[in-house]
Each structure stands twice: as C-alpha cells, then as structure tokens.
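In what follows, chain A forms one complex with chain B and a second complex with chain C.
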Partner chain A sequence: MKTIISIVRKDFISEFRSRDMFISMFTFSLIIIFVFNLVLDLTSNIKNIVSPAVLWITFLFSGSIGLSRSYSLEKESEAIKGLLLAPVDRSLIYMGKFFSNLIFLLIIEIITIPIFIILFNYDFSIKIIEIMLVIFLGTIGFSSVGTLFSAISLNTRLREVLLPILYFPIIIPVLLNAVRITRSLLSGESLSSNSSSLQVLIAFDIIFLSAGILLYEYVIEES
Partner chain B sequence: MISVNNLQKTYGVISALKGLHFEISKGEFVLIFGPNGAGKSTLLKILSTILAPTEGEVYIDDINIYKNSHEIRSRIGFVSHEPFLYENLSALENLVFFAGLYNVDNPLNKAKEILETLQLDARENELVRNYSRGMKQRVALARALIHEPDILYLDEPFSGLDLLGTSIITNILKNLKAQGKTILMSTHSFDDCADLAHRILLLINGEIAFMTSDVNKDHFKQKYLELVSINN
Partner chain C sequence: MIILLVLTVISIIASLYASFIYAPTELVMGDIQRIFYFHMGTVWVATVAFTTVFIASIMFLKSGKRKWDILALSSAEIGVLFITLTIITGSIWAKPIWGTWWTWDPQLTTTFILWILYIVYLILRSVAGDNVKQARFAAVFSIIAFIDLPLVYISARLKRGISPVVFGPGGGGIESKMLITMLITFLACTLLFIILLKQRILYEKIKDNLRLLKSRAI
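Coming up: the complex of A and B.
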C-alpha cells in the first residue's frame, strides 16, 4: 500500500508542477462539448439520446490524452527504469499508476459535468449521484485498460498513435453500457432498471483490473 | 560473487550478446570497454534485471537473479547515461521517493546525507529539470546508492560530463571501491578510470575479446585498437 501511495503522490506532485495533463485534458473536454453543442441542434426529443454519447466520448478522448501524458512523464529521462529497478512488485506499480490515472480522469470528469449540464440544458436536479456512480465505474474501466495499454505502447516509437488504436476497441463495452445507463438516468428512469448494463460495467472493471495486475509485469519489461 | 553463464541476447535476428561467460569476485572493480554497439549496455541492463536475457543465467552469490529478482534488486544499484529521475521533482523528492521504494529507514535523512556527500545539498530543492547534465548524473548516482547496495553497475556514467562532473564521480567511485563494493562499469573514458580497475573486459560484437588484469594504459590501448580494427 505504501508503494501505491508513493507512486500516486509522486504523480500528483509532478502534475501539479507542470499542469500539462490537466490543462490539455480540460481544454480538450471543453472543446469537444462546445463543438458538439454547436453542431448538433438538439431538440428535446433527441437530446436525451445524443447527449450521453457526447458526454462519454468527451471522457474517452480527453482520458486518452491524459493516459498518454501520464506515461510520457515516466519515459522522460527514462524514470520508469528507476521504478523498475526497485525491489517492488510490478503489480503495485500498476496499481499506483491505475489510481493516479483514475483520480486524474475523475477530476476532469467532475469539472466537465456542470459544463455539460449547462450547455445541454439539463437542470441540476437530474440524478447526479447515480450518474456519478456510473461515471466512477466507467472511469475504473478506462483507467484499468488505459494503464495497461499505455505500458504496452511505452517502448514503441509510435506510442501516441498506438495507444488509441489498442485502447478504443477494447473499451467499447464500457462506452456502450455507460452511455446506455446515463441515457436512461437522464430520461428519469432508475438505476435498477439498468441492472444488466451495470453488471457488465462491474464485470469489465474486475476483469481488466485483474488482467492489469497479472499482466503488467510482462508488458512493462523491456524486451 | 557474480557468475555469468552462457549469456545471450537477441533482438530479432541481431545477436547483441553471444554466450558470455565470466565471473566477478566480491569487491572487484571491472571496467567494460568496447566499440559502440558491442553489447555493453545490454549486458549491464541484463545484470541489473531490467532486461531479460534470451538465454543463459546470472548468479549473485549462487542466487539466480531472475528467479529472485526482488532480493537481487535490493542489493544492486544501476547508473545509466540516462538519469532515471523524475524531472518535475526536486533532487530531494526524487531520492525520498526512491528510498521509500527500497524501504530505507528514515528516507529524508538518508537522502539529505547522500546529497551532501555529492555536493548537491545547496540545490536539493530545485527541480531536476533545471539541473545541468553533470548534476543530474550525480543525483542519478545518489539514487543508485540510496539503499547502500553492495553491487554497483554503471553504464557510461561520464558521458556528457565536464571535467568537474567527471572528477566528482571518479572520487566517489574511489571511495566505493575502498568500501569493498563490487563495481562493473562500462565507459569510453579509459584514461579517467583505468587506475580504478582491477580488471578490464573488452567486448566486441557481443563477445568477450579478452579479459585482463593488466590495466597498463598503453598495453590496453594497443590491444584494443588491434582487435577492434580486425573486427571492423
């Protein structure tokens, strides 16, 4: 646990100093939401169908920028090798990076939500707690897969391109189910009416978090 | 004692190391020389466990370093020509972070103490990003020594250093040698460190061309040039 906290703390100090990741993720989120809001003339009929997809695509794209940046910091001066030289279990390094990414993504998402509510004309009485729960589960999926695939792409020349190519297809089940539940909640339905989608999200999170813990050792090593 | 048996590393069709065999005794200082692409960095990366060999085994005191990598990692320090440091953290923050990973007692005191030894205490709170190449290399050495390893691997630690940086690191290496640390160092700066070595290992095209305890500079240079020109 001490190792995980050290890695998260180190990532936060590093990001707080540069703010590169936050600024790029937040700016990108804002631009996507603004562009979609401008180009889609959303009447109330289709608003609840389209806007959840806009929200989750925003999270996905800005998240991929964050994930890519998170490993750029490790690649700078080959700091990751200093980490790999230490007598710590690779799974703890994965968990440290997973929690760092999870917290960074959640912060950006929490900031994005009010902007989304205002621009898409929702009122703040929507089921925000339930929506936040779905966002939390979806972001665990984003972070677990993203942390693993960022490590895979770390030692490749085309890592900025490779990450989305590997990451986006795998994350589709999270995206589909998170959009489905968010749409249902924005239409006034309850969370319990989406239990199957919720189960898929939870199962995905457990599978990919476990896969990350088990496989990180093999993907992070230089070959 | 470090024992290397039939160590091989291939990258696709390229053989970087072709079945190396050698042993290094406790407290020995061994210099690795060789032209660019001879396999020096690959050898040190494998010995430090950050790269897996294609074939062969390495033992430290009869412990297989890949089967017991946790135990071995706590006994070795590695300095590369890249510093392996976080640029947005200060030297002190970097060292405290790494000391924590090695379970060093009282990491803050230990980090301060080692920065003082390396004459970096006056600028310990500055970000590593703002350091000169020589200062980064000294912090990298501090990172490698923070857990007091008994084996130290150095991969071209003098590359890009000015005279002062080279002199500081050379003095530290002298002290470490006097403390009985086992040191394996690759370098192109033969004149700066030949006096430190007990033995010299010459690698050419992934093979040991020779290993000698004759550290006479003239003899070595003559033999080096002969062998390298034959292989080219």
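Coming up: the complex of A and C.
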C-alpha cells in the first residue's frame, strides 16, 4: 500500500511542477468537445442520443494522450529503471501507475463535464451523481487497460502511434456500456434500469484490473 | 504429411459435393443458404485458431520457449485469414437475406472486433520481429484480446440481434443431410487448418535457422 501511494505521490509531484500534461490533456478535450459541438450542430431531438457518445469519445481521446504521456515520462529520464530497481513486486508498480492514471483522467473528466453541460445545453439538475459513478467505473476500465498498453506501445519502435491501435478496440465494451448508461441517465431514466450494462462495466473493471496485475511484469522488463 | 494432404483434398472435394449437390435446398432462403456450410466452417477454424493463440501465448509467457511463440503467431495469421473469409461469405449471404451487407448485430459486432483485434496482434507481432521481449508484448495483447471478446459480445447483446441461432436454445434444429454436410465441411476446414499451420510453423523454423546461419557467417 505504501508503495502504491508513493508512486502516485511521485507522479503528482512531477506533474505539479511542470503541469504540461495536465494543460495539454485539458486543452485537447476542450478542442474535441468544441469541434464536435460545432460540426454536429445538434437539434434537440437527437441531442440525447449523440451527446453521450461525444462525451465518452472526448474522454477516450484525451485519456489516451495522458496515458502515453505518463509512461513516456518514465522512459524519458530512465526513471522506469529506478522503479524497476526498487525491491517491490511488479504488480505494485502497476497499481501505482494505475491509480495515478486513474486520478489524472478523473480530474480531466470532472473538469470537462461542466463544459459539456454548457455546450450541449443541459441543466445542472441532471443526475450528476449517477453520471459521476458511471464515469468512475468507465475510467477504471480505461486506466486498467491503458496502463498496461502504454507500457507495451512505448517499448516498441512505433511508440505513441501504437497505443490507440491497441487500446481502442479493447476498450469497446466500456465505451458501449458507458454511453448506453449515460444516455439513459440524460433522458431522465434511473440507474437501476441499466443494471445489466452496469454489471458488464463492473465485470470489465475487475477482469482487466486482475489481468493487468498478472501481466504487467511481462511488459516492463528491461530491454 | 502426404497422407494428411490427400485426406484434406478428399474432404474438401467431398464438402464441395455435399454442400452444392447432396444437401437439400433450404425452403425459405433457397440456394444462397449453401454458402452457410463454408461460412460456418471458416468461423469454426477461426475459433480454434484464436483459442490456440490464447493457449500458446500463456504457455509462451510461462516458459519463454520460442516454439509457443511460433505456434501463436502462425495460428493467428491463419485465424485472421479465416475470419476474413467468414466476414466475406457472411456479407454475401446477408445481402439477399437481410437486404444489407452489414449491420451491428451482436455476432457481427463481435466478429468485427475479433478481426480488428487479431490484425492488431499481427501488427504488434511484426513490430517485434525477432526480439523475444517484444514478442512477449504480443502474447500479453492476445491474452487481453481473448478475454475481451465475451465482454464485447455481451455488450452488443444488450441490443437485440438478428443473426440466426442455429444450435442451442431458441435454435430451430437442423435437417440430417444438412448436418452431415456441415460436419464434412467442418472436417475439411479443420484439416486445411492443420496443414496450413504445419506449413507456417515450418516456414518460421526455417527462417530461424537461416537467421542463425547468417549470424554465424558474420
């Protein structure tokens, strides 16, 4: 537990000093959501169908930037060597990176939400707590797979280019279910009417978090 | 090897005969239904191939032996070939029956994601080249991909599907001549898979030998 916390703390201290990742991720998600809003030019009757998809695609894109950045920082100054030299289990390093990615993505997403509400003309009285819960579950899925795959892609010669190719097809179940639940929440339905989608989302999180813990040691060994 | 080859050729001819002449014409769909035998055969081989990739990848991660890596890679290539054939034959069938080449029905969604995932696997594997460490990345990815597929299917299933369920609850059962035809086609496709797999593994081993000889010559 202490190991995980210290990895998270290290990531936050280095981010707090430069702030470049945070600013670029946030700007990127702003740009995506603006561009979608501009080109789609939504009328109110299809708004509830399209806007959840826009929201989640924004999360996906800005998230994939953050994920690859977080691992390339480790590679840049060979900080990963220090991490690997530490006498701790590889799975703890995975958990540390997972949590710091999770928190980063969540912060970006929480800031994006009000902008989404304003641009797509929703009221602030929407079911925000339920939506936050869905975002939380979806982001666990993003971070669990993303932490693993950012290590894979940055260790190959294709580097950042490879991450979306690996990451997007795997994340499809999260995207499908999260969009579906968000859509029904925005149309005023309750969370319990989506229990099966919610279950799949939770199952995805559990399965891929365990897979990440088990498989991480194979992707970060020294080249 | 020769015996296997002869058996494969015979069973392919038998399956062609069975699916075009022996099997009765389906009442509702007509002759187009005959493509289904081959369609099911290819999907069967793809399933076997990707399951092989999954198991071989686990074995490769555990043991680190090159032969598992070769098996996974070879099997994945053949699997991608057969799943491509599945998609093509399925589209040819769907156009006159459903009136559309493609729809986002659960089976089709899963097949499409499956196809993409293993193409990505092959990209990842080819980037790795003969680097053992990077070959491991491909193995990790194929394990993740394999366990992702049921989730894709369930997620897509939450929307209603239109693909025919042939067997199992809700399926309409199958006429015996059609069943025989299907079994012959399954056999033919499986034998073809084994032959292709053996050849592909042999090819990879020859490549390894050549690399070794080259490095010695230098």
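The rule we apply is simple: the second predicted complex is superposed on the first by the 222 of 223 C-alpha atoms of A that agree within 3 Å, B and C clash if a C-alpha of one lies under 4 Å from a C-alpha of the other, contacts with A are read in each partner's own complex, and residues count from 1 in each chain.
Criterion: a contact is a pair of C-beta atoms (placed from the backbone, for glycine too) under 8 Å apart; a residue touches a chain by one contact, two chains touch by 3 or more.
Computed from a predicted structure; not experimentally measured.
Contacts of A:Val54 after superposition: neither chain B nor chain C is touched. In the overlay built on the shared chain, the residue A:Val200 is in contact with chain C alone; chain B does not reach it. Legend: residue contacts after superposition of the two complexes on their common chain; A:Glu221 is shown touching both chain B and chain C. Touch criterion met: A:Val145 reaches chain C, while chain B stays clear of it. By the touch criterion stated above, A:Val8 is placed in contact with neither chain B nor chain C. By the touch criterion defined above, A:Thr156 reaches chain C but does not reach chain B.
Once chain A of one complex is fitted onto chain A of the other, the partner contacts of A:Val179 are absent, as it touches neither chain B nor chain C.
Of the residues of chain A, those at positions 221, 223 touch chain B in one of the two structures and chain C in the other.
Residues 2-3, 6, 10, 13-15, 17-18, 73, 76-79, 81-89, 221-223 of chain A are the ones that touch chain B when the two sit in their complex. Across the complex, chain C is touched by residues 145, 148-149, 152, 155-158, 162, 165-166, 169-170, 172-173, 176-177, 180, 196-197, 200, 203-204, 207-208, 211, 215, 218-219, 221, 223 of chain A. Considering their complex, residues 61, 113, 116-117, 120, 123-124, 127-128, 133-134, 136-137, 139-141, 143-145, 147-148, 151-152, 154-156, 158 of chain C touch chain A. Across the complex, chain A is touched by residues 45, 48-52, 69-71, 73-74, 76, 78, 80, 82-89, 93, 97-98, 100-102, 127-128, 136, 143 of chain B.
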